[in-house]
Each structure stands twice: as structure tokens, then as C-alpha cells.
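As written, the chain order gives the labels A, B, C and D, with residue 1 at the start of each chain.
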Amino acid sequence: MSHSPSSSCAAPLRVGIVGLGRLGRRHAEALAFATRHVQLVAACSPVESEREFARGELGVPRIHADYEALLQDPEVDAVVLVTPTSLHADQTIAALRAGKHVFVEKPLALNVEDCERVLAVAAEHPDRVAMVGFVRRFDPSYQSAQASVAAGEIGRPFLVRSQTCDRNDPDGFFVRFAPTSGGIFMDCSVHDIDLARWLLGRPKALRAFASGTIALHPGLAECGDVDNGLAIVEFEGGARAVFYASRTMAHGHETSTEVIGTEGKLLVGEHAARDRVVRSDARGVGHAVLADFHERFEAAFSREMIAFVAACRGEQTLDLTLSDAVEATRIGVAITRSLISGQVAPV
Amino acid sequence: MSHSPSSSCAAPLRVGIVGLGRLGRRHAEALAFATRHVQLVAACSPVESEREFARGELGVPRIHADYEALLQDPEVDAVVLVTPTSLHADQTIAALRAGKHVFVEKPLALNVEDCERVLAVAAEHPDRVAMVGFVRRFDPSYQSAQASVAAGEIGRPFLVRSQTCDRNDPDGFFVRFAPTSGGIFMDCSVHDIDLARWLLGRPKALRAFASGTIALHPGLAECGDVDNGLAIVEFEGGARAVFYASRTMAHGHETSTEVIGTEGKLLVGEHAARDRVVRSDARGVGHAVLADFHERFEAAFSREMIAFVAACRGEQTLDLTLSDAVEATRIGVAITRSLISGQVAPV
Amino acid sequence: MSHSPSSSCAAPLRVGIVGLGRLGRRHAEALAFATRHVQLVAACSPVESEREFARGELGVPRIHADYEALLQDPEVDAVVLVTPTSLHADQTIAALRAGKHVFVEKPLALNVEDCERVLAVAAEHPDRVAMVGFVRRFDPSYQSAQASVAAGEIGRPFLVRSQTCDRNDPDGFFVRFAPTSGGIFMDCSVHDIDLARWLLGRPKALRAFASGTIALHPGLAECGDVDNGLAIVEFEGGARAVFYASRTMAHGHETSTEVIGTEGKLLVGEHAARDRVVRSDARGVGHAVLADFHERFEAAFSREMIAFVAACRGEQTLDLTLSDAVEATRIGVAITRSLISGQVAPV
Amino acid sequence: MSHSPSSSCAAPLRVGIVGLGRLGRRHAEALAFATRHVQLVAACSPVESEREFARGELGVPRIHADYEALLQDPEVDAVVLVTPTSLHADQTIAALRAGKHVFVEKPLALNVEDCERVLAVAAEHPDRVAMVGFVRRFDPSYQSAQASVAAGEIGRPFLVRSQTCDRNDPDGFFVRFAPTSGGIFMDCSVHDIDLARWLLGRPKALRAFASGTIALHPGLAECGDVDNGLAIVEFEGGARAVFYASRTMAHGHETSTEVIGTEGKLLVGEHAARDRVVRSDARGVGHAVLADFHERFEAAFSREMIAFVAACRGEQTLDLTLSDAVEATRIGVAITRSLISGQVAPV
């Protein structure tokens, strides 16, 4: 994750966006209108409507239907990959070999082997930035919590409890997506896994146990997936983590994380208040809830792009490394194995 | 509020309850079943069903229809008056003259003159306890807050914001009660006034301004009352208080008090959670709300009786004095004058 | 848990307390001073100071050093056992055989066999009440939550997350107690286990997995115990539970439980606010925390005794049965086996 | 606040910033880097270091020391005035007469006459946007609350309680600024006044009463100002408002507003949590607090500029009008008169 000192601080970074689905558009708009020191110079998508969006709405000058063409474009310094997970590893490798910096959405891959292939290629290109989108690390609240832990404010941290819980989608869109998602733990908990490692000081994971249930979406049974999953991970040195992932929350998107130490604990994100309004009426006292992770992590998505740009321009190093992404996949794979076997799985 | 050292610590206090309406029954049950060192030996009410309740449900041996008869009863050490406000002053005086300790519900009287008559008689009976039921002083949270203020934890307190807000009663029972209640400030805010003086260290009140509105109960206009009232009180030395009283809350009973000092502030009772349950569902995240002051101050009503009994038995002195009750009425009267005149009123 | 219709509703229940340690004294005081329809007529303890307390402070007329003597006392209708866990089963059986109703503190026993012996004897005495002290069931917040679940307000409940977390005791008193406590799950989580079954509708437990760590008290290693433990339990029909027990909280006693259903979730007890006071000062905004379970469950301990008395007097049946206590032990034992073996344990 | 239909939707708005103090820089950075459809083409300041900042950090091409020069610049479509309050009225008038759209920081003026002069000139230039920076209207939480009120969710709103409370500045910088600030109500409460009118449906204000105290900054006495002020405002039709302004909070910046209606109430901003982190340690459970209004209203400042740009480009009309600013000053002036006279003041 090092970077060349020859990166010019003066010139803006020229970025090409790859994939303009919902999350891709968000990244593209941030790059086009709300990030300093960057120019969104190119866009790539096999989908005509997405290319039209880039051309018309964002005013992107260079439009490609083909990823290879984008990589050949000498006016592009960096690529941002918001593509299907199955493409992540190979596209990242190709970008690095083409001399581009690369940001790739999480997870890096659904198996450890692909992750390690990327790691090996990245090691051959130490002057190129390769960053995986663990966006929760760039959320102001998570950053504040991690800084407190690092400063010793809760003593020695030894337990993380973390959840990614989505509002139920009655249409069950994600059920159709399940066969390629890698399962609930690879799709949702990979964020929690990364946070747990980050907050606990990157201990080595030893074993995992998982259990799940299908509360509302029986269609998941076909591919061995569940809509509510629990996992315990044991780390070397005694630290532990518990993860909970759900697709069936009634109230909204509630992503939260607790880190417990010998002198205190920190809890990030509980209750998922949409804003600073408290309502009191005949139904009681309460507040509205965040709809989804886009709403929850709006600021974090912006800061993530700012961090990527700063890293590419050599202004700042990243605490988040490719190795972190590999370890998150390694643990997620072990948890998934345990879910399927019903037994404790070595990591 | 002093007491005779000859009070025996060993013998239980023998109490007669006067008035067995809703609040009277609560006090009577507390005395009969849940307070140590006390015997509920007598009950008095002009209402047959109330006397029957005392006899049958509480097993009270001495039942009187007439207050004078109760006062003549040599087996009664103390009386607890839960009677209409218009009777408070004279009944308190009669009890003291009969040699009884006396607990009287708030307010002591609706005018300052009656309060001062009681004060004068009490001064002639320094060995009898006379206590007014400012129950919020006995609530654990208010006691904790006051102790913090007294310990200097918020520096010098200079502002109190306090409210007594009842859930709207669509039947408007209190409208019929309005002509004799003394108005919203005498009926509701008298608690807040007492708390403000207590928390601010009993400064002398100088001036008051009040304003009100009728949100839902036009019948109040006839007797010059409002269903939502605001008041500012200025104290000598610079301290200030703001009071809010409402009969029209949609969500429940929300009594709260904030005391602000030079080094911090304390807020008691906001949001009026009924219990420790948080609900998350399609309507958001929230909690149930207290229905009324009975539910809010259940523990305080018990502790209030315990404090009265302990004072009568000479085991403890009361921080809450008759003078406090006189001052609360004095300020309440000035606020009410301001509401009617529309101008600043001297206290 | 049935009761004889011949129980007189009129006569107060005559109770003997057995064991007057901290919790025993609390029960005894509640019975002596704050519970209707009951007389604390006897006390039993092998400890002279405890007998003296019962005689002097509580005014209990019949004092026994020997449990057998108490059971022979014809003036005693019911016994309340607050004795070491190792005695619970035999003392309960002896009480039933002596024709007494019996309340016994949790857990009923540390092994399933002892529980089943009690169950068998209780079955022979269907007119005697036998109740185990799962006090959290009598807490107003837990009762409200369970009523909501039973009323279908959160749809079908499928997951419980529950914790019993004590404030760290730097002296580590519990370390010396560890060899006989049955371990952290039997000592603390047994409450959470009972709640999970109650909230989920008493499904049959199938398997358990546990993992733990020692954060602060290395002395626990000797007896195979931990000071922080996690467990997942799988139930027939798909429901799941996650338990967390800790001896090392920095902030206080935080017992909380979340029950998640298909249409919402309920969370009981988070953040453990000591009272209704919010403080704002240079350190931020916050509140004080409950010190221990005595403070948290003060109201529940009273209600628990009221429920026991009412059941003995035939006025009400108990939802909490001896079978519930057996199942809680059965699950607790399986969790403990998993902690020791490191593998999934059948229940 | 109307706008010419001839405003081109295509061309970006060319803006000149006037004044580059702390808040000016924030606006300038938002315009330069984070707002679509706008170009920051000019900057104006009498201070050399501010001009240098605009040139060097923001890359602004046209730099002026003199406001008149900026107004003559034909490449400037709109000006953003972040200048001393005493200049607001005349600079706004000059901008309108020069054919520019104008955004001016609040308050529009410290007296009603100046406000009305601006209003008259604006009426002569109906195709130019003139907007006053009541930033709280653009905060997502305030917008959500106002939308709920407008949708009838709390019935008929009849009471607003609103506060602007700053963290105490031990250096008392604002004391030196006091003689020209217009006093605490004109400086701080003008926001609350505007919100109250907005939430209550713009009723006509009739009377005001104010009271204040000096808690920590005796230097304010010289200019008749206070560091803690309270005010009640009466509106035609029965609505009421209570304002609290403070310079002496120990914990941080806590701006909050409650609007109470016949069927519910909404509370915005209480407790001023800095982020989504809850800390539990030996001091209790709590959270960090916002430092100042910059931190609290970061998102609102951005949205405010976006709204100004959209209005200038004819894409959207503004709910916030110049008349609103005039009325806010009118009420603020009446409150201030009452503070000084000690009597009720007509508005």
C-alpha cells in the first residue's frame, strides 16, 4: 500500500469509474462533484444506460464499454471498480499490471486463493495503491471509536460484538442474488470481520463457529444460505468476536459494533436514528430509522474516496491494507464452512 | 419541623388517614402494608364507600366519618390529609392543635394568608411534625440530582427549567375541577416551583411573568384558566426559572426538570420512559410512556411516607419545611396574577 | 405447580426463611415489612449473627439453627431457601416431603440428575408450590416485553440475545467462589437461558457451542472457568440464542436481553441507567449506571415474593415451573461442556 | 424571492464571496469544491491574508479588495456576503442594484428600518434572489421536523421551545464583540425566532417578555447584555414560543428545538451527540458533544449553498423569504427592548 514519492501533489488525480449501478453512481458523483484534487475523466460499463448516465449527467469525457480499453487509456491514473464480486480479483490484477491505482469494492474475492493472487501482484507494484472498500472504517463514528481504542481509553480490548442487519425486503431481491453472493457472512459480515480485526489490533484468527436460521425467506435453503446468521470467532491471545447478520429487520438498517475492553466499552451505531428528531405521540416516544447502508454511510463513502485520492497522490498512507482484505475473506470463508458443516471450523 | 426527643423510637407510629380517593388509597395502602414502624389505626372519610374500603380491604380498626372525632382519638399519633385543597389549612391547624403530627397533600393553600396562618400555628407546636406532600423531592432521581447540585458538581446553579405535563384527558375532567383548582400553575407548577427553590438554594423570588394558551379545552376560558402555561420567575442574586405546565400532552405524563450551572447541567425525567424496554419495528425505534404521575412517582410516594414516619418518630429531620410550602404558594400566586393581568407581577 | 383449593385466602401465609446472607436478608425484609398476606414467622441459619439479625432486626419469633427443626415446625406453611446451590435440591425435596411450599434460589442444581429428582418429588406433592427464583421474569420491563411477544407484537420471535454482565470486582471475590459456582454460564447465564426459553415459547434445545476468555482474573484458569463467556444455542424449529456473560464490566451491572421477531424486536435493559438523571458537563453527556443486580432487580425481588405468596395461597398460578428450571440447568450444563471441550455439545 | 425564467439551467452560476473569516472560508470552500452548477469566480476582502487564501488555496481567479469593484465585475452573477452585520443591509442593497443575486449571513440587520429598506429594494428587483442565511432551516433534522408538522403529524402546533446554547469560551471573546452584536437575542436567538415562525406557520407576533442573567461574564454588564437569556413571545391566535440563549454551557454546543402540537411533539437536537458512539466506563455511560455550530450544521451549510445556487439558477424557489428575515429582526428587537426595560414589550 506504499506509494511513489514521485506522485505529484499538484496535479489532480485522473480517475476512471468501472460499473455504474447504484453504488457505482454514488462513487462517480462523489468523484465528479464533491472531491478535491480529482477529475473523473473516464467511465466504463457494458450497459448502455450507465454509459449514457456518465456522459450526460456527469459530463465524463471518455466513455468505454470495455474494461481493457479503459486500462489502455493513458489519461487515466486510477480506476474505481464497482463491479460484480466474481470480477474483483482479476480486474484488480489487470489494473495494477496496467500501472493504475485501484479501488475495488468489498469483498476482494469469495475465496482466499483469489485474494492471495491479488496480494502477490500488488507486491510487485509497490508504487500503486490497491484499496478494498471497507467503507465502515471511514465513518466518523467508527474512526472515533478506533482512535479511542488505540489511545488505550478502554484498556485492552478483548471482545467485539458486531452486526450488519438490513431491513427486510419483502420482494426478496437478495434471494435471487444469493447463489453468487458467497452467503450472508461473506456478503454482510465481512465488514464486521474487518472491523473486529481493526479494533482488536489484528490478532490471528484461530477457529470459527456459525449457526443460522431462515426466518422469512425459504428460497435461501436451496443454496445453503440463511437470512439470519450468528458466528463466534476465536483469536490467538484470547480475544473473541461475535457476529450477527440479518436480512429481515422490520425497522430499518441497523449496523452496530461494540468493542469491550478491560476498562470500558464503546458501542457504535445502535438504534440507527435517521436524524436528530425525537417524536412523542400517542404511540410513545421514538425516532425514525435509517433505511439502508447508503443512508447510514453517506459521509463514509465520501471520506473513503477522499482517502483513496489522497493515497494515490502520495499525501497519506492507508491504514487499511490488502492484507486486511485477505484476512477478512479468510475468516468469512471459515465461518461459512462452519455454517454448512455445523461444526467448529479452523481458520 | 422540629420534633420532640421524647418520641419513642421503639413504638410504631399510629396513623389515621383522612380522605380515601385515588391518592388517599395509595397512601393508605403504603401505610398499611409497605412501611415499617407504622400502624394504620384509623381512617376518616365522609364517604361510606371509602370507609368500607378502609374497614374491609385495609383492615383498619377505627373508622370515623367525622374529622373532629379522629382528632379526639387518643390512639392516633399522626394524621395524613388527602382532602380537597380548600380544607388543607384549617385541617392542618386543627390537627396540630389536637397534638397530632400532620402530613398534608400539596398545595398547602391557594393563598398566602392561609399558608401563613398554618405557619404561625406550627410555630406554636415545635414538637409536632407538619409536612406538605411535595412528592417529587422524594423521587430517587430528583434526590440524586439535588445531591449532585449540593455537592457542587455543576458549579453554581443559576437556571431551572421545569415542567409538569399531563396526558390529555379527552373527557376534560379537570375542566370541571378548574374553578377550585387555583389554576394550572397552582395545581401543576407548584411542584416545579418547589423544586426550583430547592435546587437553586432557596433564593428569594422577586418577579414573575406568565403567558398561556388554550389548545384543546375551551371550557377553561370561563374561569380564566389555560391548558398550557409558561412562566418566568426572577430570583434575587440573578437566578432564573422557567416553568411549563400542560394538560394536553398526546404521549403521556412527562414531568421533567433541568438545572443548569456554571460547570454542567442535570436533566431529570425527560422522555418519561415507562420501563426499560426499547421497541424497534416498522414505525421506528421507541419506548412506551408513563401514563400519569401516580405511575411516575410510585417509589416517591412510598419514600415520602417513610420520611414522614421517620420524622414523627424523631429519627430524622426533614429538609422540606412548611416555609417551603408557603413560598411555593407565594410564587404560584404571583405567576397566576401575571397570567391574568398580562403584566409582570411582583412576588 | 398446582395448588390445593383448600388453601385459605383469608389467613396470611406463614413463612420461614432459610439463609440470611445478603440476598436472604433482602427476601426476609421484603417478607417481614413489604408483602401483604404473609407473616415471617421463622428463620433458620447455622450462623449465629444471622439468627441474631432475624431475631433483633426483623422480630422473627421462631429461630432455628437446624433446617430439620424448621421443617418440623407446624406453624410454618412455606420455606424460602437462600442457601448454597449444592444444598438446593435436597433441601427442596425435604421441604416438599414435610408438606411445605418452597421457594428456592436459582439454580435448582448444577446437574440435571438432581433437578430431575426434585421434579419427581414435586410431582408427588401437586398441592405444594415449588418455585425457583428466576427473578428477571418478575421485573416489570421483562414482563412487559414477554407480554408484547406473547401478543404477537413482534411477529414470530426467532432470536434472543441476552447478557448478564457484572461490574468488575477488583478483589475477585468470585474467583474464590468459582470452584463451586458451576462456572460462569451456570452462575450467570442461567437467567438468560430461562428468559430465552420463556420469550421464544419454550422450544426444545438441540445443541450448544461456547467460547470464553480470561480478561482480568487469571485465577479462574485453575478450575477451567473464564471471566467472559459467549454461547450460541440452537433450538428445534430454527430459533437461536446467543448468550454473553461477563465478570469484568468497567461501568456497572448491565443485564440486557433482545428478542428479535419477524415484525420487530424488543430490547430490555440496555445501558443500565441507575435513574432518570442525565448529566451534561465537560466530559460529555451521560448517566450513572446500576451497581449490581440487587439494585437492578429491586422491584423484581419484591414482586417475586408476592407471586410466591399468592401461589401458595392459591390466588394465582405460576407461569414459571420447575420444568423450566430443569431445562435451564440442562442447557447450562451443555454450554459448560462445550466451553471445556471446545466442540459443539448436544443438549 | 421569485426568479427570472431566463436563468439558464445549463450554465454554472458564477459567484463572488465577500468576507473570508471562519464562516466565509467555509462557504467559499463549499462553493469551490463541493457544490454542483457553480463556479467560485471572485473573492473580495479588505484583509490581505484572506485575499491570499482565496488566491492560493481556493484558486479563485478574480480577487478584489473593494466591494464596489466586485459589484462592477460582469463575470459575477451572485455574491455571498459573510461580512459584519452592520454592513449587511447596505451591501445587500448595493448587490441587488448591481443586478446580482445575493446571499447574506444572518441577521439581515439589527433594526427593523434597515430590514425594510432592503425589502423595498428587493421588491424592485423581483428577478434577483435575496436570501438570508438562516442555516438551521437547511439542516436535515429541522427539515424533517418541519415536514412532519406541515403534514399534520402533530396536529395543530401551538408551542415552540427553542434554544441556542454555546459552549463557554473562557477567553470571553464574545464579550469584546458584544457592543456590536445586538445582544444575545439578536445574535443567537434570531435563529430560534425564525424557526418558531416557520414551524408555527408564520403567525403574527404580538408581545414579548425577556429576562436574563450573567452567569460567568461580568464584562457584559457594561453594554446591557447577558450571557443567559430567556424570552416568551405571544403570537396572534394563541401560539406561544419560549427561547433560551446561553454563552456558558459546560459541555458543548447544544442547539435544540421542540414543537408541541395537539397530537404530538417533535424535539430536534437534544443532547448534541457528536457522533454515533456511546461510551461505557467507570464514569458511567455517555457520549461526546458537538463543539460548536460549525460542527453541528456542517451539512446544513452545504445544503444552504446548494439551495441558494438552485434558486439563482431558477431551478427551485425558496421557502425562506426576505420577509421572514424582517420579522425575525422585528421580534428580536422587541425581546431585546423587554430585556432592557424589564417589562412586556409590544412587537
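Quick notes
Convention: a residue touches a chain if its C-beta (ideal position, glycine included) is under 8 Å from a C-beta of that chain, and two chains touch if they have at least 3 such contacts.
What you see is a predicted model, and the numbers here were worked out from it, not measured in a lab.
Number of steps on the shortest path from chain A to chain D, with steps defined by chain touch: 1.
In this structure, the chain pairs A-B and B-C differ in their number of contacting C-beta pairs, and the larger number is found at B-C. For the pair chain A and chain C, the distance between mean C-alpha positions equals 43 Å.
Chain centres here are Cα averages; for chain A and chain B they lie 57 Å apart. The geometric centre of chain B is 38 Å away from that of chain C, both derived from CA atoms.
Residues of chain A in contact with at least two other chains: 154, 249-251, 263-265, 270, 278-282, 288. By the touch criterion given at the top, residues 33-36, 140-141, 144-145, 148, 153-154, 263-270, 274-282, 288 of chain B touch chain C in their complex. Residue ranges of chain C in contact with chain A, taken from their complex: 154-156, 158-159, 161, 207, 209, 211-216, 228, 230, 232, 234, 238-240, 242, 244, 246, 248-251, 260-265, 270, 342-344. Of all the residues in chain B, the ones that touch chain A in their complex are 249-252, 254, 271-273, 278-289.
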